[in-house]
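The structure under discussion appears below in the form of structure tokens.
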């Protein structure tokens, strides 16, 4: 759990018992089936409460799925970037986002939060699945400054959790869209002669570096461009992944993802956090292990 | 969901259960009846969940479970020995179910050329799954009911398929509870929820009463036509100068349909109530290039608001010095 | 497309020292800064036109703003480095200076490029720096060293660059950065010291002699102690160069990379800081007792 938390206050026990009893009693009286559509939401209880406190409500679970084919031979050994694969990846994400926004609009949502993104690269096709919860300001009135019509026409899509969405809102920022970029590149080869010459030396492999550096920057650049296209002023929570394809290990894929955000308040609203000192650990122990980390980069605490 | 809670030791598995039960009502195995007659309670709750449960005025009564094994293949509604036949034969469309047809743009090519394809919802699979799921669920609720419980919390549901033998097991586990001073449940069927502990407390505080666990399966079969087949095996080269990436419309549509259908089936069970904590699981079985079966399961807690609630004041963020 | 000319490290490898290394071997001079790849330049240009990117979480983003800074861009640097062979005596515990050299140079290359990107953006510093080492199957004995973080700039225009006039680097998270600034300290730079050490295989008779006993192995103790001290001393030297008053968040990592279990790299990492203002503005903390798990 991150260090900046939003803690709910302590609960008076008496109240909660009474509430439970009240709830159970309400069921004993069989209610007539409602004519309401019935919302489905994958938000956790905490998220639902925070969203509500921020004046937004969940509407429905929405999804977008796209499968884009990649012609055979794309992964065969070559040089430079594999533009066909990048194009396929971008097309799949675009289409899936479009479908997701379409479902959101159908239920009159202003945007989708907590989007789970799953990209699977197969030898002949790239599949992208997006799942999230469509939300809107309570009562349907737009509070982001874009105007209700604009919001309905172009709902935002964001992989921020409902909790992060609420925090950002409070500070005067709103998500405007998913920013993403991908690039695929062939691993460069060394000639045999060079390989032998370099065996005993500490040396930088400049053309390798160049190729990987380029590909990574290319993915980042595409991400930036998509953020600008969505009308964002910045991108938060950028995640960069890289790795060889499991079915073609000489081909490396880079992706960069984040949420494009925009300031809608006059200025950034400072949060003025309260500093707390938890007294959970009664005895402070010196743990030698804490000075050491495992060799495979530990995820630092957020 | 109280994942990770271990059931209390000593709860015996039910005896072998036949596939077709007569429905909930008197078909609990002998062993279950004996176990439930014992005096002391067992519960699947962890210690913090147990404490929270008592705080809510809920008394754990017993660990309850329900079980059912179903068998089905990929046969059509006129099932027999002709499993897996193409939609050419038998006109297998069920009225009201989703289906979409695709025609080849090439004109006659050869007998092997797949000039006709279809996305088909498979209601016989969905119904069989629903039957197995709700039978097992019903048995768990029945066990709770015989003990006079008002509700079941911390429900764990497990659906496991043994693909080769074509059988699927449905197993439910939960902790039956009574509400201090509360009324017996309407219709004699206890309410139930995946939640337990602090999360249940928050949900109640927010004004939502759990009613039931709701789940549905949407199963969509893709019979690929020529274009889909070529796209999915990457061999578009022979069929046009379009050598670039292309959206595989048939498969994409089938995926979208599976998720929409799952939501539709679940909504039909909600009767206007809300579904919280939805979980989506998708399993795709590829049978050959382009031919696949997409099974999408949607599960969640059906809840109903029992009081209006004022939104909590957004708490002040904190930074912890640790 | 740059041609493949090797750029060997310019320091000649020192002779193999006795099993307790006496001197700190001379380090190679700072690697020549190269032009950034053109894709990088283009991307940074876009950032200078007002778009910011950051890999900060929302929590960190808010706290960085709270500290009076604004994120400029996600910056990174990488270098694919081939690590040469180094012969070693089987029975002697010693520092493998050539490997130390390589690990240090490779990381410095990556860090320098990241700093250049930050400089290009006009940043005051980089927070949340992470150093990763990736191994790919197609390059034996080569690894990719990557450094990345988020470049930030003070909103009120005061310069927070370090004594060398370069943007500071630090591996502090957004939360730690805010807390540090509240105590009146500012980061100067990410400092590191590394030492690649070979641990002697024990002679058969030695092993036999102590079999079954609870006994300290003085040679091992001495060797590993020296190796860690070397790494930490080198780290402190870097802090001294930055005229820092202290180092926070020191981490001591031990990795075998691809060399087998008798060769270990000791890496000491920390953030060098100096005191900027006299007052501590950290608000008085509230004590809470959390009843959650």
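Order as written gives the chain letters A, B and C; numbering starts at 1 within each chain.
FYI, contacts are C-beta pairs under 8 Å (C-beta built on N, C-alpha and C of every residue); 3 or more make two chains touch, one makes a residue touch a chain.
Only a predicted model underlies this, so the values are computations on that prediction, with no experimental measurement involved.
Contact with both chain A and chain B is made by C. Between A-C and B-C, more contacting C-beta pairs join the chains of A-C. The central chain here, found by comparing per-chain C-alpha centres with the mean of all protein C-alpha atoms, is A. A centroid comparison over C-alpha atoms places B as the chain most distant from chain C.
Mean C-alpha positions place chain A and chain B at a centre distance of 26 Å.
If each chain is reduced to the centroid of its CA atoms, chain A and chain C end up 28 Å from each other.
In this assembly, the C-alpha centroid of chain B lies 49 Å from the C-alpha centroid of chain C.
Within chain B, the positions touching two or more other chains are listed as 317, 319, 321. Within chain C, the positions touching two or more other chains are listed as 62-63, 175, 285. Touching two or more other chains at once are residues 3-4, 7, 167, 271-278 of chain A. Those residues of chain C whose C-beta lies close enough to touch chain A in the complex are 1-9, 37, 39-40, 42-43, 46-47, 50-63, 65-66, 71, 74, 76, 78-85, 98, 101-102, 105-106, 109, 128, 130, 132, 134, 136-139, 141-142, 144, 148, 171, 173, 175, 250-257, 282-290.
Residue ranges of chain B in contact with chain A, taken from their complex: 55-58, 150-151, 179-187, 191, 195, 199, 201-209, 211, 231-237, 243-248, 251-252, 255-256, 259-260, 263, 266-267, 270-280, 282, 298, 300, 304, 306-307, 311-322. Those residues of chain A whose C-beta lies close enough to touch chain B in the complex are 3-9, 11, 13, 15-17, 19-31, 33-46, 48-50, 52-55, 60-61, 63-74, 84, 87-88, 91-92, 95, 99, 123-126, 129, 131, 166-167, 170, 271-278.
Contact residues of chain A toward chain C in the complex are 2-4, 7, 160, 164, 167-168, 171, 187, 189-190, 194, 197-210, 212-214, 216-218, 220-221, 223-225, 227-228, 232-240, 242, 244, 249-250, 252, 258, 268, 270-280, 291-293, 295, 297, 300-302.
Considering their complex, residues 48, 198, 317, 319, 321 of chain B touch chain C.
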